[in-house]
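Have a look at the structure that comes next, please.
Each chain gets a letter, A, B, C and D, in the order it is written, and its residues are counted from 1.
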Amino acid sequence: MIRVTVWNENVHEQKHPAVQKIYPQGIHTAIADGLRRLDTAGQLEVRTATLDQPGNGLTDEVLGSTDVMTWWGHCAHDKVDDKVVARVAARVHQGMGLIVLHSGHFSKIFKRLMGTPCALKWREAGERERLWTINPAHPIARGIGPCIELEHTEMYGEPFSIPEPEEQVFISWFEGGEVFRSGNCWRRGNGRIFYFRPGHETYPIYHNPVIQQVIHNAVHWAAPSAWWSDIHAAPNVPADQAPEPIQATGASVH
Amino acid sequence: MIRVTVWNENVHEQKHPAVQKIYPQGIHTAIADGLRRLDTAGQLEVRTATLDQPGNGLTDEVLGSTDVMTWWGHCAHDKVDDKVVARVAARVHQGMGLIVLHSGHFSKIFKRLMGTPCALKWREAGERERLWTINPAHPIARGIGPCIELEHTEMYGEPFSIPEPEEQVFISWFEGGEVFRSGNCWRRGNGRIFYFRPGHETYPIYHNPVIQQVIHNAVHWAAPSAWWSDIHAAPNVPADQAPEPIQATGASVH
Amino acid sequence: MIRVTVWNENVHEQKHPAVQKIYPQGIHTAIADGLRRLDTAGQLEVRTATLDQPGNGLTDEVLGSTDVMTWWGHCAHDKVDDKVVARVAARVHQGMGLIVLHSGHFSKIFKRLMGTPCALKWREAGERERLWTINPAHPIARGIGPCIELEHTEMYGEPFSIPEPEEQVFISWFEGGEVFRSGNCWRRGNGRIFYFRPGHETYPIYHNPVIQQVIHNAVHWAAPSAWWSDIHAAPNVPADQAPEPIQATGASVH
Amino acid sequence: MIRVTVWNENVHEQKHPAVQKIYPQGIHTAIADGLRRLDTAGQLEVRTATLDQPGNGLTDEVLGSTDVMTWWGHCAHDKVDDKVVARVAARVHQGMGLIVLHSGHFSKIFKRLMGTPCALKWREAGERERLWTINPAHPIARGIGPCIELEHTEMYGEPFSIPEPEEQVFISWFEGGEVFRSGNCWRRGNGRIFYFRPGHETYPIYHNPVIQQVIHNAVHWAAPSAWWSDIHAAPNVPADQAPEPIQATGASVH
C-alpha cells in the first residue's frame, strides 16, 4: 500500500470564479480523484491536505504516514511555514517521494531540495503544447505513447534553472516557439523527486486522463522501497570501536 | 584576476589553546597565505572574511566583488544569518565558485546548495588518511600525484548523504578502516562547488603544501568564465512577443 | 518471473586445480545456486551459459528469453565473438539488465557499454577488504548492513577509468591501503548495468552468502519494467505526417 | 595553442551537385574556415582530414598531434576502419576533445563512446528550427544569446537514445512540432565530448556565423587541460609495494 498525500495551497479556487468553475472542489480533489480512478489494483491510499489546515496540513502525523506527496502551489508559496518545509524536506531525505507540479517549481520545498533558483519564462496564451516522451520505457511514461498533446496551456520556457536532471522523461514543444524540460527526476537523500510541468489553475489539465496517468505512474515510481530513517544522524565512532585497531592520538576541542 | 574571499567562522581559534597554537592568526589566514604563496602568476586577489564582522563579513559589497569563496565553519554554523546564506547562495547561482572545507559539510550554505542532509560518521583519533586521486587529469588534481598521505587526521566515514557527485576527484582511505568521498564537484545554477574533506582545527592540515595546492587548484577550477546575472528572474513573454505568431486565448488570474 | 542467465567464460576452472577446488562446478554454478537459494519467493528462473557453447552460449534464442544477465570473465575476454558482444549490447539497450562481476571490468561488453577503458590497479595478496554501503536504502543494499567484510580478496585500486557512476552503492577499503568504487550503477539505453567488484577465481567469494545477497538484489534491481524494442530504429517522419502542418522545401540526397 | 583536426567523410560533396554547390571545397573546409576566421587570438592550429586519406586521415601521427577533433559523417560511417575508430577512442580517453556534428550521431566513434544506439527520428522538409540556450553561461554558449534560429533545417526528433547528458547547452524546437536535445556534453575517460545537432549536406549550416561560433566555443571547451597518458594501463601493485604493510597469502593463477 502506498500512502499518498495530495497537497494544494487551495487559494485561487477560493478567489477566482474562473478557477472555481474548473476545479469546484479544488485542484487537490481533481488530482486525488484521478489517482483513485486509476488505482484499479487497490495499491494507493489517497488523502488531501491544504495550506489552511493546522500545520499547513502537514503535521508530523501526516508526514509520518505519507509515502509519496504531490505538491501544487502558486500564489501562496511564501505562506508555507519554514518549519513545515524543513519537515517535508527531512521526510524526503528519509525516503518520501515528492511529485512537484507546474507552478510548484517556485515552491520553497522544491527550491530547497534542488538548491537552485528554479526560475523559467512563462506566457499565458492558451497555446498548444506537445510533451515528447524522450524515455519511452521509463516507468513514469508507461502507457503514455510518443507524446502528450494539450490544446490549451500556459507556456513555460527555458532556461529552467534546475540542476541537470538525473533522468528526463518529457520535453515540451510550444506553439509559440519555446521548449521546456517538462518531466525530470532527481534523488535527494533517499527520496525520489519528479517535476511535472503541466497543470494550471485556469485550464482543466488535471481532469485530463493522460495527465492523471503520468501522475499515477510517478506516484508508483517515487514510492520508497526502503526508509533511511537515521539519514540526518552524524554518529561518532570512538577509536576503540574503529573497524581496524588504532591508537588514538592528537588534541580535540570536543 | 580571480577575486577570492576566504571565509572562516574563526571561533575555535579564540577559545582553544590547542587550536591557537596551530593557527595563531586563524584558519583563514593559513588558507589565504597558502593561496598567495602559490599564486606565482599573480592571478589571485585574496582577502579574508570572518563571522564576527558586520554582515558576517559577507555584505553585498564583499559578495559583489568575489569570484570564488572558500568556507570553513564548525561550531558556529547556526550563527550565520539566514539572510547572509541566501545572499551567498544567490551569488553562487550567478556564477561564484564555492570551496567548502572539512566541517563545512554541515554549514547552512552547503546543505542549502546540496538539498540533502550532508551527514557523515566521524572519529577524532589522529589516524592516517590517504586521499586517492581517482581522476588524475582533473584540473583540481594538477600536480598532486596518485595520493595524498596525511599522518594525523580526523576520520570522516560514509555514508555521506550528498547528491551523487557530478565529478569525483578524491576518495579517502582511513587507517581505522573507513572510506569517504573526499573531493566532489557539483554545479548549482552557474556556480561550481567543490567539497574538500581535509582540514581540522587541531591538526595543521592547512599548513600542508599539498593541501594548499588542491585548494589553489580548486579556486582556479571554480572561477566563473561568465556570469548569469538574471538567473533568478522569471520573465513573462507576452503573447505578441512569442517567437512564433499565436493567438492568445483562455482565462488568467494575473 | 525474472529470467536470469548466469554467464561464465569457465576457463580457469578447467585449467587450475586451485580454482577447481573452490568452484568444482564452475563459478557460474556457484552464482546460480546462490540465486536459487535466495529465491524463496519463486520469482527467478535461473540458467547458466558458458563460452564454449555454440554462439558462446548467447544465441538469439537465449538472449531473447533473458531479462537479466550476470557476467564473469577474466583470461578469455578476447575469445568472446564480436557479434555476440553486439547482440548482448543490443539486448541491454532494449532493457536487459547486466550485472558485471569482478574481472568482467575488462570484458568487451562492459567496455563497449561504458565507452571508457575500465582499467584499474590490482594486487593478489589475499588481503582484507571492507565494502562500505554508501547508499544504505538502495535496493541493491537491502539487508546488507553498513559494510561487507571479506577476509581474503584480490585488491582493485583507483583510478578506475569508468564514466562517473549514476548511483554508487559500495566503496571498498583495502588492508594494503587502497580504495575502489566497488558497486556502481549506470543506464545504457533502457538497460540497467551494475558493476560489482568482489569475486575471484582463487577465493570462495561467490560462496559467501552476503555476496550472493548483493547479486540477488542486483538481479531484482536490474530487471526491466518494460522493453524498448525499437530503440535501434531511426524512422523517417514524412513532411505530410509532421505533427504541425509544414511545407516541405529544400534539396535532399536521399 | 590548440591543435584541431576537422574530419569529414567528404563523400556527398563528390557525388551530389546540390551538396557541391553549397560546399564546393567540402564541409570540412567550411568548418575549418569558420574556426580560422574566429581565431582572432591566434590560439588554434586548424587542419582537415578526410576518409579517403591513408588511415582514413587519422594516423597515429595525426592523432598524436590533435587536441580537439570535429567529426562529420553520414553515408560512409561503415567505411571508417574499426582500427581507426579504436585509435580515436583511445586518444579521447587520454584527453582529446571530440565535437560530433549532426549525422555523426550514427558514427562508429560516437556510438562507441556513448555505449548506446544514438538513434533518433528525422525529416527533411527544410523547416524552421530554434535552438534554445538552456545554460546561457556555459562556455559553449558564449556570445550566442537566448536562441539560434535556422530558417531551413533537417528535423531530428526525440527519443534520441543517448546516455543522460552530463551538461545540456541547447534544446531544439522544430516548426513541424518536434523537440531535440541538440547540444550535449559528456566525458569519457579524460576526454570531453560535445554533440551538436545542426548541419546538413544540403543546407548551408556551416557557413552560418552563429553555428561557427558554437563550434569555435566547443573547441575551446573540449581542449584538454592535461593528458592522462596511461589511462589504459592496468598495473600490478606487488604486495611488498602496498602503501600499508601486508602479508601476501592465498593462491593465484598468474
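One rule holds for everything that comes next: a residue touches a chain if its C-beta (ideal position, glycine included) is under 8 Å from a C-beta of that chain, and two chains touch if they have at least 3 such contacts.
Because the structure is a prediction, the values reported are computed rather than measured.
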item	value
Pair sharing more residue contacts (C-beta pairs) when C-D is set against B-C	C-D
Farthest-lying chain, centroid of Cα atoms versus that of chain B	C
Centre-to-centre distance between chain C and chain A (centres being mean Cα positions), rounded to whole Å	32
Separation of mean Cα positions, chain C and chain B [Å, integer]	36
Whole-Å separation of chain centres (CA-atom averages), chain C against chain D	29
Where chain C touches two or more other chains at once, by residue number	130, 136, 157, 159, 164, 166-167, 177-178, 187, 243
Touching residues (chain side chain D, partner chain C) in the complex	12, 15-16, 18-19, 75, 89-90, 93, 106, 112-117, 119-127, 152, 155, 157, 159, 161, 163-164, 166, 175-178, 186-189, 201-203, 231-239, 242-244, 246-254
In the complex with chain D, residue positions of chain A that touch it	130, 132-136, 157-160, 164-168, 171-174, 177-179, 181
Residue numbers on chain B that touch chain D, as the complex places them	95, 130, 136-137, 139, 142, 147, 149, 166-167, 187, 190, 224-228, 243
